[in-house]
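Labels run A, B, C and D following the written order; every chain starts at residue 1.
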Amino acid sequence: MNFASDTTAPVHPKILSALAKANDGYSASYGEDEWSRAARDALAGVFETDLDVWLVASGTASNALALSVLCPPTGAIACHREAHIERDERGAPEFFTGGGKLALLDGDHGRIDFGALERAVVANNPDFVHETPLHALSLSNLTECGTAYSAEDLRARAALAHAHGLRVHLDGARFANAVASLGASPADLSWRAGVDVLSFGASKNGAIGCEAIVLFGEAREAFAGLKVRAKRAGHMPAKLRFTAAQMCAYLEDGLWLELAGVANKAAAKLAASLEQACGAELAHPLDGNQLFVSLPQPVQQRLSEAGARFYPWLDGSCRFVCSWSTTDEDIHSLAEIARKS
Amino acid sequence: MNFASDTTAPVHPKILSALAKANDGYSASYGEDEWSRAARDALAGVFETDLDVWLVASGTASNALALSVLCPPTGAIACHREAHIERDERGAPEFFTGGGKLALLDGDHGRIDFGALERAVVANNPDFVHETPLHALSLSNLTECGTAYSAEDLRARAALAHAHGLRVHLDGARFANAVASLGASPADLSWRAGVDVLSFGASKNGAIGCEAIVLFGEAREAFAGLKVRAKRAGHMPAKLRFTAAQMCAYLEDGLWLELAGVANKAAAKLAASLEQACGAELAHPLDGNQLFVSLPQPVQQRLSEAGARFYPWLDGSCRFVCSWSTTDEDIHSLAEIARKS
Amino acid sequence: MNFASDTTAPVHPKILSALAKANDGYSASYGEDEWSRAARDALAGVFETDLDVWLVASGTASNALALSVLCPPTGAIACHREAHIERDERGAPEFFTGGGKLALLDGDHGRIDFGALERAVVANNPDFVHETPLHALSLSNLTECGTAYSAEDLRARAALAHAHGLRVHLDGARFANAVASLGASPADLSWRAGVDVLSFGASKNGAIGCEAIVLFGEAREAFAGLKVRAKRAGHMPAKLRFTAAQMCAYLEDGLWLELAGVANKAAAKLAASLEQACGAELAHPLDGNQLFVSLPQPVQQRLSEAGARFYPWLDGSCRFVCSWSTTDEDIHSLAEIARKS
Amino acid sequence: MNFASDTTAPVHPKILSALAKANDGYSASYGEDEWSRAARDALAGVFETDLDVWLVASGTASNALALSVLCPPTGAIACHREAHIERDERGAPEFFTGGGKLALLDGDHGRIDFGALERAVVANNPDFVHETPLHALSLSNLTECGTAYSAEDLRARAALAHAHGLRVHLDGARFANAVASLGASPADLSWRAGVDVLSFGASKNGAIGCEAIVLFGEAREAFAGLKVRAKRAGHMPAKLRFTAAQMCAYLEDGLWLELAGVANKAAAKLAASLEQACGAELAHPLDGNQLFVSLPQPVQQRLSEAGARFYPWLDGSCRFVCSWSTTDEDIHSLAEIARKS
C-alpha cells in the first residue's frame, strides 16, 4: 500500500532489460552514441516534429536546465505559487539561472489563473531597469494538485506569454499521465500549444532515472548552450547510452502511455473506493494519477498504522499517488482499512 | 580496438545485474533506501573507518560538489595545471562554488610539485582582502597523465596543505587503478594520508554511472550541506537505490580491484607490445591503465585508419586507455598494425 | 515642485563641505583612514553600543551585502511583498547571496503582518532538503508605503524570527525619518528590538551617496566576511575617506535627525494642504516623509502639466516624497494647482 | 613621502569643486541627469567617436562589470598572470560573470607576450563542450608593472583576439598615464587599436571615485545589459550627477592629461634621483607613474623608518607610485634618505 509517490515504485521490466541490450560492446561517450540518436528520433516521432533533446537523470535537473536557457540571471520566471520548481527543488532554478527569480501566480487547483497571468505580463516592463522582468512562463501538466491543463488552456496561456515576449516551459514530470488523461496528442499538449521547452519525464512512470529536456522550434537554437550548461552542472555523464536506452524502451510501442493509463485508472478506482468506503471527497479534480482527498483524522491514523504510505498535503488533504505498479489489491486493502470505522 | 577512454567500455555484468536485484518492489526515495545504506556500509568497510557518502552519476558532479563544501565563493582551490577539474569540467568547480577560483600549480607528469605547493601555501594570506586565498588543495590519483601519487606523496602534500589551513580533496575517478597499482590500502591512500573528501569513482571501471563523494573525519560535518547542494544541483534523483546498487556490486568481493587490476595489466601489456612493435616510448610513467606514448605520425595514421580509437594528447603523445574489458586480442591487433611499417 | 523622490534633492551643504575637509593630504586607502574610524565611532555613539560598519554608496549595495552575510545561496529571506529588495533592486539579493530566494509576506500598508510571519516561520523546516528554508527576516522602517514599525512592532517580529533561527535585517534607507517620527531612540529601533544588521541610509536625507551596513552583537562576527564581499562586489573603492566624511557630517550635532524632521514636517504639511485643497485622502498612514494620496485624475494631470514631479503608485494612489530641501513654497504652489478645479 | 599608491593622494581641487557646482537644485536620479549626459559627451569628444558610458566608483566594479558583458558564465577571459583582475580584485570577475574563468598568460614586464596569446587563441575551441573557451582578452595599459603597450602592441594583440572570436577589454585604471607617456591619441590607444570596452579610470589621477566603463562600436549593443548589471550589483546610486561631475571636471581643458603628465614626470625624476642616490636599478621599464626599483635591504629599512610609504613587490623590487600631488620635496627627501648609506 505504497501511495507515497510514483517514484517509490519499481522500474518497469522492459526498461530495465533495455539496459542490458544497450550494454553491447564499446560506445561513444557523452551522448554521441546510437541510443541517444534513437531516443531523439523516437521523441521526434511521438511529438510529430523535429526537435532537440538532452537527457538527464532527475526532474530537478531537467526543469532547472530548461529554465536556464530561457531566463537570464537578471530575469524572472512566472510560475504557480505551488509549482514544483518553487516548492520542491531547493532553489535549483535560481542556481542554474545564476540568480534569476520566480514570480508566483495564483490559481485554483494548481493551475495558473488566466487573469493572474494577464495582470503579470501586462505589468511587465523589460525596459525598467529597477524591476526584474519576466522572461519565461513555466506551466506544469499535470499540476502539483494532480489536475490537467487542456490543450486549449495551455494555448491560451502560452499565447499570452508569447505576446509579451516570454518563452514557455512545461514541467512534464507527469506529461504521460496528462496525455493519457486528456486524450490529446503529445504535439497538441506541447509545441502546438506554444510550449518552447518541455521537461518530459519518464522517472515517475517506470524508468530508473530519465528525463528529457525537449527543445521545439526556435528554442532549438539554445541546444548548444543547453549542452554546455548540462556539462558544467555535472549532467553529462559519460555513459549516456544507458539513459537513452531507458527513453527508447519507454516510448517503444506506446509503453509510456500504457503505463500512465494504468496509473490513472488506478487513481480513479482508488477515488471511487475511498469515497465508497468512507465518503472521502476530492480536494482537487482528479485528472491523472494523483489523488487528493479529505480524510477524517481517525481514518488517516488507521491507514498509517496499517502501513499505508501517503502524504498529508499543505491544504489539509491527503495525497495518494498511483503508479504503473499499483494493484487492485493495494487499492482494495486500503479501502478496507479506511472503511472499518 | 577502442582505447579512447575507459568510459567507452561496456558495463560489467555483475553491476548490471545488481540493478535487477534492487528492483524489488517499492522503496524509499532520495537515498533513504536500504541499498544506499548498504553502499555506505560497504564503503566504510573498504576504507576501514566511519564516513558519509553521497552518490552521483558523473565525475564532474562528484568533484564539483565535493569542492563546493570545501571552498567558499570568495576562495580558491589549488590544483595541477592539467587537472581534470581545470581542463575538462567546463567550469563546474566555479559554478558549484559560486565563483571560486582555481589556482594552477606546476609539476611533472601530472603530479603537483611539492615545492610549487609550498610556495603557494606560504604566500597564502587569508587576511588580505584583495587577493583570493586558497581554501583547498585538490589532488588526483591517478593523475591526468596516468601517474600515481604514493601514500607518502599524498601525506606530504596534505600535511603541508593542512598546516596552512587548507582542506584536501582527492579526485579518485581512477582511485581503483591507483590502489591496484600501488598495493597500498584504500585508507592509506585517502584519509590516513590526510584526504578530507574523496571523489571515489566507479564509472570508469565497470559501472553505469556511479561516483561516491566520501567525507572523512571532520569533513563529515559538511554532509548535510552536501546533500542540500546535491538536491539543488539536480543530483538527488528519486530512485537512488539503482545508483547505490551499482556501488554495492562494485565493492562486493573486491570486484573493483579485480577490474582495475585487469585494466592495469592490459596497459602494461600494451606498453610492452607497442614498444616491441615500433619502439614506442612512454611519455609518462605508467602507473595504471592510461598509457601515453610517443608514436611516429605514420603509425598514428595507420592505427586510425584501421579503426583504432585513442587520443592525441596536448604534449604530443598519444593516450591509450585500457579497461576491465580490454582483451589480449585488442592489444595484439593494435600492436600488429603498429608494427607494419 | 519636485516630489519624485528624496534622492532628487540636492546634497546638504554641511555634507558637501565635509568632503573638502577630508581632502587633507595623503590618507590610507580602503577604509583604513581616520574618517572611517570616526564614522564608526560616531555611529557607535548614536546607537549606544559597539558595532562594526561598512560604508557603501547605494542602498541596493547596502541591502544586498547585508543580506549576503545572513542568508546562504541555499536559503531564503522573508520580506514584505512590496519590499524594496523585492521590487526595486533588480535581483540584487539573489545576486549577492548567490541564488538565495525571497519569500514574500503580506501585510497592510507595507508592514509585514505578524500572523503571516508566524505562519511562515512555524512552517519553516531547515532539515527538509527539498524546500528552501528561511534564514533571515528583512524589515523596512520606514516601509515602502511610508509607514513606520514602532519599537514594539519590530521587537515582536524580531523575537519571532529569532525564536525560529532566523536573523533580522532592517532596511533603514529612511531610518532617520522613522526615528524622527517615532521619537524612539536609534538603539530601541534597531539592536534593542532585535535587529542584527541595519542598512542605515544617508543618501535619501542629504548625503551624496553614503549608506552604512551596521553589524550589531553576534552579527559582528560576519564583519570580515562582509568586507570580503564588499571588495569582491566593487564596493571597496580606494578613497573611502570621502564616503566616511559624509557619514561624520551627517551625524554631527544631530544633523541627520534635523533634516529628517524637516522632511517629515513638510510631508505632514503637504498632506494637510492637499486635503484642504482638493479633499485628497491618505492611502496609507503618514509616518514620515512619504505621502500616498488618492488624487482625482484631472488633478493629477493638472499637477503634471504644471511641472510637478511625483509617482503614480501601484495601488492607484500618488506618491509625493518630501526631503530636507522641500520648501513651504513648493508645498503651497502644489496645493494651489491642486485646488484650481 | 607617500608613494604607496596614487590612490592615497588627495583629490584635485577642481574635481572637488565640481561637486558643489553639480549641487544645483533638484536633478533626475540614476544617470538621467544633465551631468551624466555632459560626461558622455566629453568622453565622446576625447575619444573622437560616439560611445556609451556607465560611471562607477571603483576600478574593481569597472573591470568586473565590463568583463561581465563580454564573457558568459561558461567562458574564460585571457589576461596577464599578474593582471589586477587576477591578483587584486578578490574574484570580482568570477562573481560578476557568474563563474567565468580567467586564463593566465605570461609575458615580461606585465605585458602579455604575443606568442603566448597566439598559442592560447589558436588552441581555443568553442565547440568542444568539455573545455572552457576564451571569450575575451583583457589587457591593461599601463600594466601592473608600470609598463605601457604602444598603439601597435595593442593593435596586434586585439587583431589576434578578434580573429579568433574574442572581444577586447582594456583595464585603463592608469590610461591617462599611458596616453601622457606614449603621446598617442586616446582613440589610437583604445577603439582604433581594437578595444571594445575600456575601463577608463580617474580615481588614481585626482578624482574622488570615478571610473568610466566605455563601450565602443558593436560593443555598444551591450549597454542596456550593462546598466541592468550595474543596477543589480548596487552600482547605480541615485545621485549619479556627483560622479558624472567628477568626470566632466577631469576631462575639462585636458586636466586629466596634465595631472598624468605631472605624475609621470615625478616618477622619472624619482627614478633618476634614486639611481643617483644609491644606484637603484629599474626592475621594469618606466613608462608612467609607477616605479619599480631594486633597493638594498638597508635602504628599504631606512626609508621605512623615515616614514616613506612604498610597496615591496612580489618580484623583490620596491614599487613607488607618483601622483599629481607628488612634489619635488617628496622626491628630494626620499632620495636624501636613500643616499645616506
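To be clear about the criterion, contacts are C-beta pairs under 8 Å (C-beta built on N, C-alpha and C of every residue); 3 or more make two chains touch, one makes a residue touch a chain.
Predicted model, so just to flag it, every value in this text is computed and none were measured.
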| item | value |
| --- | --- |
| Any chain that touches chain C and chain A | B, D |
| Shortest chain-hopping distance from chain A out to chain D | 1 |
| Pair with more cross-chain C-beta pairs in contact, given C-D and B-C | C-D |
| Chain of greatest Cα-centre distance to chain A | D |
| Interchain centroid distance [CA atoms averaged], chain C/chain D, Å | 34 |
| Whole-Å gap between the CA centroids of chain B and chain D | 42 |
| Approximate Å spacing (C-alpha centroids) for the pair chain B, chain C | 51 |
| Residue list for chain A, restricted to those that touch at least two other chains | 73-74, 89-91, 95, 98-99, 129-130, 228, 231-232, 236 |
| For the chain C and chain A complex, residues of the former touching the latter | 73-74, 76, 87-91, 94-95, 98-102, 104, 129-132 |
| Residues of chain C touching chain B in the complex | 30, 73-74, 98-99, 127, 129-130, 224-225, 227-229, 231-232, 236 |
| Chain C partner contacts - residues on chain D that touch it in the complex | 2, 4-5, 7-11, 13, 16, 19-20, 23-29, 56-62, 64-65, 89-92, 95, 203-204, 208-209, 228, 231-239, 242, 309, 325 |
